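Got a structure here, written out as structure tokens. Questions coming.
Naming follows writing order (A, B, C and D), and every chain is counted from residue 1.
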Amino acid sequence: MYPPVIQKLINLFSKFPTVGPRTAARFIFYLIKLPQEKFDEFLNSITNLRESIKICSFCFNPFDASANSEEKLCPICQNNSRDKTLLCIIEKETDLISIEKTKRYKGLYFILGGTISGLKKNDIEKLKIKELEERIKNPENFDIQGVDLKEIIIAANPTTEGEVTALYIERELKPLGIKITRLGRGLPVGGELEYADEETLGSAFEGRK
Amino acid sequence: MYPPVIQKLINLFSKFPTVGPRTAARFIFYLIKLPQEKFDEFLNSITNLRESIKICSFCFNPFDASANSEEKLCPICQNNSRDKTLLCIIEKETDLISIEKTKRYKGLYFILGGTISGLKKNDIEKLKIKELEERIKNPENFDIQGVDLKEIIIAANPTTEGEVTALYIERELKPLGIKITRLGRGLPVGGELEYADEETLGSAFEGRK
Amino acid sequence: MYPPVIQKLINLFSKFPTVGPRTAARFIFYLIKLPQEKFDEFLNSITNLRESIKICSFCFNPFDASANSEEKLCPICQNNSRDKTLLCIIEKETDLISIEKTKRYKGLYFILGGTISGLKKNDIEKLKIKELEERIKNPENFDIQGVDLKEIIIAANPTTEGEVTALYIERELKPLGIKITRLGRGLPVGGELEYADEETLGSAFEGRK
Amino acid sequence: MYPPVIQKLINLFSKFPTVGPRTAARFIFYLIKLPQEKFDEFLNSITNLRESIKICSFCFNPFDASANSEEKLCPICQNNSRDKTLLCIIEKETDLISIEKTKRYKGLYFILGGTISGLKKNDIEKLKIKELEERIKNPENFDIQGVDLKEIIIAANPTTEGEVTALYIERELKPLGIKITRLGRGLPVGGELEYADEETLGSAFEGRK
């Protein structure tokens, strides 16, 4: 129904997270009608993104390396005031931002790159488990200094997929002999006892203070 | 639009929790079409409810007193295997059931009968604060034996209303010198880091284990 | 978990339309705490309902017969200013109220008592198809006067179930040789072209005016 | 919190329709991790979009002009089998696609470019009302042939905004003396009588067939 040059771009935008064909079409009509200078600004920003951004060699967090193209670590891994005895394993980049916003965690991160649903070989291969183990065993091989891990926090979502992933990681990391913890469960802000499941409410009782 | 006898009952059903006029109308057509014996069963059950149910003199939990009309305590308050050093203050009857289902709390309860929104005099008067203080100070005056409180858990919802209520109760109970706790916060089962607010996620980090 | 006298009533309320066990429990605690005079008012209203309400012998609409216990027709069927050439077949009592509120239909009704999902024998037997045919063929047998049907409107929901039911009724009534119509389709108030399905939007084009 | 090069692009993506900062961030991490050849394909598609797409001089529909850069009309306006006595005024490009999919309209279109909310001067100026009038009066000035309008369909959404816009256009076009129609209202596929507003249900009765 659409001209091929539009349909092609609908297909590409439809692969973006959360985007379906209807939204993709709206993106395209938005781009078509954008004033030329705004369009160029958008195009340049995307081009610059790939040129400026590098992936941190320790934690896989993307960072801006345009100031120093030799830099291999993200600002968090470079920061000497972070607590280098703590490592928090997260699923994806935006989880890191969510946690930083709380200002209650001062340790290091590791971005795993996904979750396991079920225990499909395919899903497991996508996770950076091997990379994780290497960094825990020999952090000094990854351009970072002063790492002395005493606790590994598996910050998986308390969903079925997150649980399966956390259990898998826990089993893999156990032989390393470092304390492994998980995020506390309880009632979220705005939640109600009445709609809480038994596990959540039980944890809220145990974690009372 | 409806005959008065129906409209009257729509008005009464509309005062039931969660029921609006549209649902009330459907209740009535359901009742009209119920076979006579089912209708009588419903009517008898409602009549018996008021005759059999008494309110526990210690915790305000409704219980079935038809076996022993002299009984003043609900089965939980009567139960000697409950931990009588713990008192959990809850908003309403269904919260007690939610907590009992977790099987992780073995103490006593007190049903407060509502929450404070804002700090309206009207709302505060509806709460059984005075009754609560009397029971904490002199439990033996309320037909219960062996109470020796060491901890009072304010199981308020982590909503704005619940917070205000919890703060108010805490202030009232502080002079009694008993340890006061609240339910632990954290990620609920099925929740996702990405959508958690900063307070919830921060608590989840602090409550890790 | 609940005393049997409460659990029994939870089970009965759970059979009310739209009510689940959690809501049923809240109904019961509401009833327990109702002041005695309010409780008696509720009980009396329910008792009176069954005594006052009769089902119209022509259209199956419930009506208040307390003023005249001999009356067999509802106010609509009794009303000589209604257009007795039109009969509108509806699923349930509340649909009649919805249509009356529009003030744009002045004919008679017939309450079918359900819809067919799939074409299950069980569902079909619950519908008053035989009663419908009898009333169309010989309305004078059902206490109503002056009926001279020229059009039968099948006011089924434009859902899959409603469609199946409408097709079934249409096939049953066709031999009677009376014009059969359906409600017009189009965009509802508040709807948007963008989210309309093709059938709805196509009908909106054909029904433009 | 994000590096400036990422934050800049988050801001730009946040201006896309339906996109907020959280989704924008996910878009960027998606782009960062895209394999180089996929990234180049995306970039080329966007660049080509602006070079290939022209806006139809009659109806403002974007079309692919890469085959013939002299072409001024979109395929619909060029198509001699379309009914050139009908003009359908729509809000935006995706509405045209929605209508084409129904296969029940064979006339011409005009994309108005927005709706009026309230009657703000600002909103009105964004609409192509002047352009619309010019095309209705002198279609031959806009590269199109054989236009002989007998009916103008205002295909506004049946929302408050859409109604205001339709009334405004109707008032502007009335002096031209061409028949003006609107889309038919009624029950949408999947709708239910019970939840239909009175206007929609009334229209459904009037539009029965």
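Just so it is clear, a contact is a pair of C-beta atoms (placed from the backbone, for glycine too) under 8 Å apart; a residue touches a chain by one contact, two chains touch by 3 or more.
This structure is a prediction, so every number in the text was calculated from the model and none was measured.
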Smallest count of steps, each to a touching chain, taking chain A to chain C: 2
Contacts common to chain B and chain D (chain labels): A, C
Comparison of A-B and B-C by number of C-beta pairs in contact, larger one: A-B
Chain D against chain C, contact positions shared by both copies (same if over half, else different): same
Chain B and chain C, separation of their C-alpha mean positions in angstrom: 38
Euclidean distance of C-alpha centroids - chain A vs chain B, Å: 40
Residue numbers of chain B (touch at least two other chains): 22, 94, 101, 194
Overall pattern in which the protein chains touch one another (line/ring/star/complete/other): ring
Chains grouped in pairs wherever the two touch, ordered by label: A-B, A-D, B-C, C-D
Residue ranges of chain D in contact with chain A within the complex: 1-6, 8-9, 12, 15-18, 22-23, 25-32, 39, 41-43, 45-50, 52-53, 55, 62-64, 66, 92-94, 97, 100-101
Contacting residues of chain A [partner chain B, same complex]: 90-91, 94-95, 98-99, 101-105, 153, 155, 157-159, 181-194, 196-209
